[in-house]
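Here come two complexes built around subunit A, the first alongside subunit B, the second alongside subunit C.
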Partner chain A sequence: MGEVLAALQPIFRDVLDDPNLQINRGSNAATVRGWDSLAHINLISAIEQEFSVRFALGELEELKNVGDMIDLIERKLAAK
Partner chain B sequence: MNSYHWSQLSPGLQHSFEVELTGAMIRSFLRLSGDNNPLHTSKTFAAQAGFRDVVAHGMLTASLYSRLVGVYLPGRYCLLHGIDVEFVGPVFSGDRLLVQGEIFHLNEAYRRIEVKASITNGGNELVSRAKIRVGLHEY
Partner chain C sequence: MRIADVSVKLFLHNQKAWRREFRSRDDLIDVRVAVLAGSTANEVMDFIELLLLDQGIRPVFYLSDYDKYFEEAVLDPAKLIAFRPNIVYIHTSSHNIQGTLPLEGSDADLNAHIAAESGRFASIWSSLDEKMESMIIQNNFELPPFRLLGNFDAVSPAGRVRFINSLNDRFAHEASTRRKLFLNDLHAIAARIGCKQFHDARRWFSYKIFTTPEASLAIAKSVAAIISGIYGRSRKCLVLDLDNTLWGGIIGDDGPDKIKIGRDTALGEAYSAFQEYCLQLRNRGVLLAACSKNSEQVARQGFEHPDSILQFHHFSSFKANWEPKHENIKKIADELNIGLDSLVFVDDNPAERELVSAQLPMVAVPDVGSEVTDFISALEEGHYFEPIGLSKEDLSRASQYESNAQRAILQSKFESYDAYLESLAMTGEIAPFKQIYLERITQLVNKTNQFNLTARRYTIAEIERIASDPAYITLYGRLADKFGDNGLVSVIIALKNRHQLHIDLWLMSCRVLKRGMELAMLDSLVAECRQHGITEIYGYYMATGKNMLVAEHYACLGFEHAGESDRGSLWKLRLPEKYVTRNKHIKELVNG
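Moving on to the complex of A and B:
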C-alpha cells in the first residue's frame, strides 16, 4: 500500500465511522457506504489537515475516486 | 449578532460569551427534550450518583455551542454542519459558564470553517469541549 493511501485509510475510517472500512484506489462515493455530500466535505477537510495541503474546488470536482485523490495529494506534496 | 463574511475569517479568530445556567433553563430543556431522567429532576437521586445538585442536561450546555456559531462565529451566515462534543464535568444551576471558540481550520473549496470550542465554569473547570463544523451560506 502506498504511503498516501495508508494515511488516508484511518481518515476514511474515522470520518465514515467504520473501523473495518478498506479503501483502495478505485473506491468512490458510490462504492463506500456513508460517503455522502457532507461526509465528503468532512473527508476533504480532514485530508487537508493531515497533509497540510489546500484544495481548490475545481481540483476536487475532477476527482473520480480515491486514486485520483492520492495523485492530487502527491502532486501537492511534491510541489511543497 | 456578528455577520462575518468568508473573506473576514481566518484561523485563530476567537469569540466568547458568558451565561448563567439557571434552574429555569434546566426545567425548560426538560420540557423541550422530554428527558426527565431523575439526574435532572431529583436532588436525592443526583446525590446518590455523587453530585451535589441536580445536573444540567449535557445537551442543554451543548446548545450554547449553537449560540457560539449562530450568533458570534461566524454569526448571521452560519450553517451548522456538525458537532463533536464531550461532557467532561457536571453543570449545576447557578453555574457561570464561559463559552469560547476559535477557528482552527478553513476549507476554502467548500467554504467551511472548523471551530475548537469549550465551556468552563466559574471555577475555571472545563465542563465541555467540542469541535464544530460550520458552513457559510452567503459570502
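Moving on to the complex of A and C:
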C-alpha cells in the first residue's frame, strides 16, 4: 500500500467513525458508507491538517475518489 | 484531556467517536438549540455539541434551511415553534448583510442603511420573543475580508468597515435592552484570531462555510460558553498558586523583599499586571482562592509587599501548607460551598497542573505554561467565567464571602448554636416572585446544585410565565444579617392541583446553610397554602449526585415518606388545623 493511502486510512476511519473501513484508490462517496457532503468537508479539512497542504478551489472540485486525493496530495508534497 | 483544550485536528478525527461516548452519559441535561443560519452551520454545530457535552449539556439541534434565518423566524415560523427551542442561535455574518452604499453616500444614507439592517434583525428578535420563550444568541459582524477604501473605509459613510462598526454598536445597544438577547461577539473572535486566519474564501465558494476550521472552533467555544452561562455552568472561583504565579521567585527562599512584583523590573510589572487582572475578576464576582506549598505565615508576607496589588483579604479561601494541592483544592471547594466543577486552577508548575487535573478531572486546569505573560490569554481562551450579564449579586459576591468568614469567627465564640443565630440579628423577606427579581431567580435556579431538591432548570422565559400563572405558588426569600445582605437566596416553585400543592423546585444558596431560612420558607409556604385552600403539600427529592445535602430535607421538616415516583422520592405534609410556625431566629419577616 502506498504511503499516502496508508496515512489516509486512519483519517477516513476516524472521520467516518468506522473502525473496520478499508479504502482503496477506487473508493468514492457512493461506495463508502457515511461519506456524504458534510463528511467530505471534514475529510478535506482533516487531510489538509494531516499533510499540511492546502487544496485550491479548482482542485477541490476535481476530487472524485480516493485515487484523485492521493495523486493530488503527492503532487502537493512533491512541490514543497 | 479536556475537550475545550483540544486542537481542530483532534476534533476532526475524533468528533464522531467522542459524541457517541459523551451522549450516552446519564448526568446530562437536554437543551433544545435551534440554529438559524446564514451560511452552512454544520461544522460550528458539531463543535458546539462536543463542547456542551463536555459541560454536561446535551444539545438537541434544529437547523434552519440554508440562509432562511429570516424567513423561519418571521415569515414562516411554524416549524421553529413546533421545535420548542430553549435557545435560538442566529449564526449570521457580514456575508448576510444586504445592500451596499454607493461611494457618494452621505451620513444620512449610512444611518438609513444601518436602521434598515438593524431593523431587519430586530424584527427577527421581536418575532421570536412573541412566539416562544427561548433565549436568543445573535452574532454581531466580523470585519469584511477586504477594505475597498483602505483606512478610509473606517471613515467614509460608504465604507464597509464604518458600516459594520456602527451596526455592531447598534446590536450592542439592542442586546443591552432586550433581556433575552445575548450577543456573540463575532467581531472580537475574528480580531483575536486575525481576519486572515478567520475568513476562508475557498470554503465559502465550495461549501458556503465562511470560516476556517480554526475560526469555526473559536466561534463554537464562544457560543458554548454563552449557553453554559445561561444554564449556570460558568465557573465561579479562580484558584491561584503563589510562587512564580502571583509573584516572581520563591518567597520562602528569596524572602518577601526579594520577590518580583511592582514597577522595578519588567518581570515584576508583568506579575503586577496579572494580579491586577485577578483583582478585576474578583471585582466582577469571580472568587479568588490561594493554594500554595508554603507555610501560611510566609505566604501571607507576599501580600504585605508594598507593591502587591492583591491583598490577603481578597482571597475567599487561603490554603498555604505542605499537603498535596488536590487535597487543598477539595478543601477550598468545601469551604466555599461550591462544586469542583466551579474551579479553575492556575499554577506555573506543569507537575502540579498534571496532578490536579488527574486527581480532580472536574477542575479546569488550563495549560498556562510557565510565563506569567501567557497566563491571561490562556484564561481568556477557556471562556471559564463567561457572565451572561452583571447582577448586583455578582458585584458584591466576594465581599459576601468575606462576611461569611466573619460569621465563622463569631460562631466560635458562642455557647450554643441558637445563641449564635440569635446574635446574627437576621431579617428576611419572603414573598411571591416579583418582576425585579426574575433575573436573579433564574440565575439561582440554574446554578444551585447542592441545596436543590429536584435540580429542575428553567429559562428566564419559563420563570416569567410561571410568575404570572395563577396555577403556581412561587416564593423567593432574601436574608440579611448584621454582617451584610445575603440577597435573594431561596426559591420555591410549586404547582397547585385542587387541594394539593406539588413542590417542583425548592432551592437555597449554600451561603445561608444552617441559618433556619428553610424553616422560614416553609412557614411562608404554609401561609400561602392557607390562602389558596390547600391542605396537602407534596415534595419531591430527585438525587442528582450533587444534592445529597438535602436527601433528608423533607423528613427534617416533618413530611412523611409517601413512596417513589418518576420525579424521585415523594414526601407528603398534611396541614394541621393549627400550624405552629417553625422559624425562630429570622426577625422582621416581610411577607408579600
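Basically, the second predicted complex is superposed on the first by the 80 of 80 C-alpha atoms of A that agree within 3 Å, B and C clash if a C-alpha of one lies under 4 Å from a C-alpha of the other, contacts with A are read in each partner's own complex, and residues count from 1 in each chain.
To be clear about the criterion, a contact is a pair of C-beta atoms (placed from the backbone, for glycine too) under 8 Å apart; a residue touches a chain by one contact, two chains touch by 3 or more.
Note that the structure is a prediction, hence the values are computed from the model and not measured.
Novice: Thinking of the overlay built on chain A, is A:Asp14 touched by subunit B (first), by subunit C (second), by both, or by neither?
Specialist: So A:Asp14 only meets subunit C here.
Novice: Of the two partner chains, subunit B (first) and subunit C (second), which one does A:Leu77 touch, if any: first, second, both, or neither?
Specialist: Touch partners of A:Leu77: none, neither subunit B nor subunit C.
Novice: Between subunit B and subunit C, whom does A:Glu50 touch in the aligned arrangement: first, second, both, or neither?
Specialist: The second partner, subunit C, only.
Novice: Would you mind checking which one, subunit B or subunit C, touches more residues on subunit A?
Specialist: C
Novice: Take the contacts of subunit A with subunit B and those with subunit C, and give the residues found in both.
Specialist: Touching subunit B and subunit C on subunit A: residues 38, 41-42, 45, 49, 55-57, 60.
Novice: Touching subunit A in the complex: which residues of subunit C?
Specialist: 8-9, 12-17, 20, 42-43, 202-203, 205-207, 209, 213
Novice: Show which residues of subunit A lie in contact with subunit C when the two form their complex.
Specialist: Residues 11, 14-17, 37-38, 41-42, 45-46, 49-50, 55-57, 60-61.
Novice: Which stretch or stretches of subunit A touch subunit B in the complex?
Specialist: 38, 41-42, 44-45, 48-49, 54-57, 59-60
Novice: Enumerate the contact residues on subunit B facing subunit A in the complex.
Specialist: 81-82, 105, 107-110, 112, 114, 133, 135
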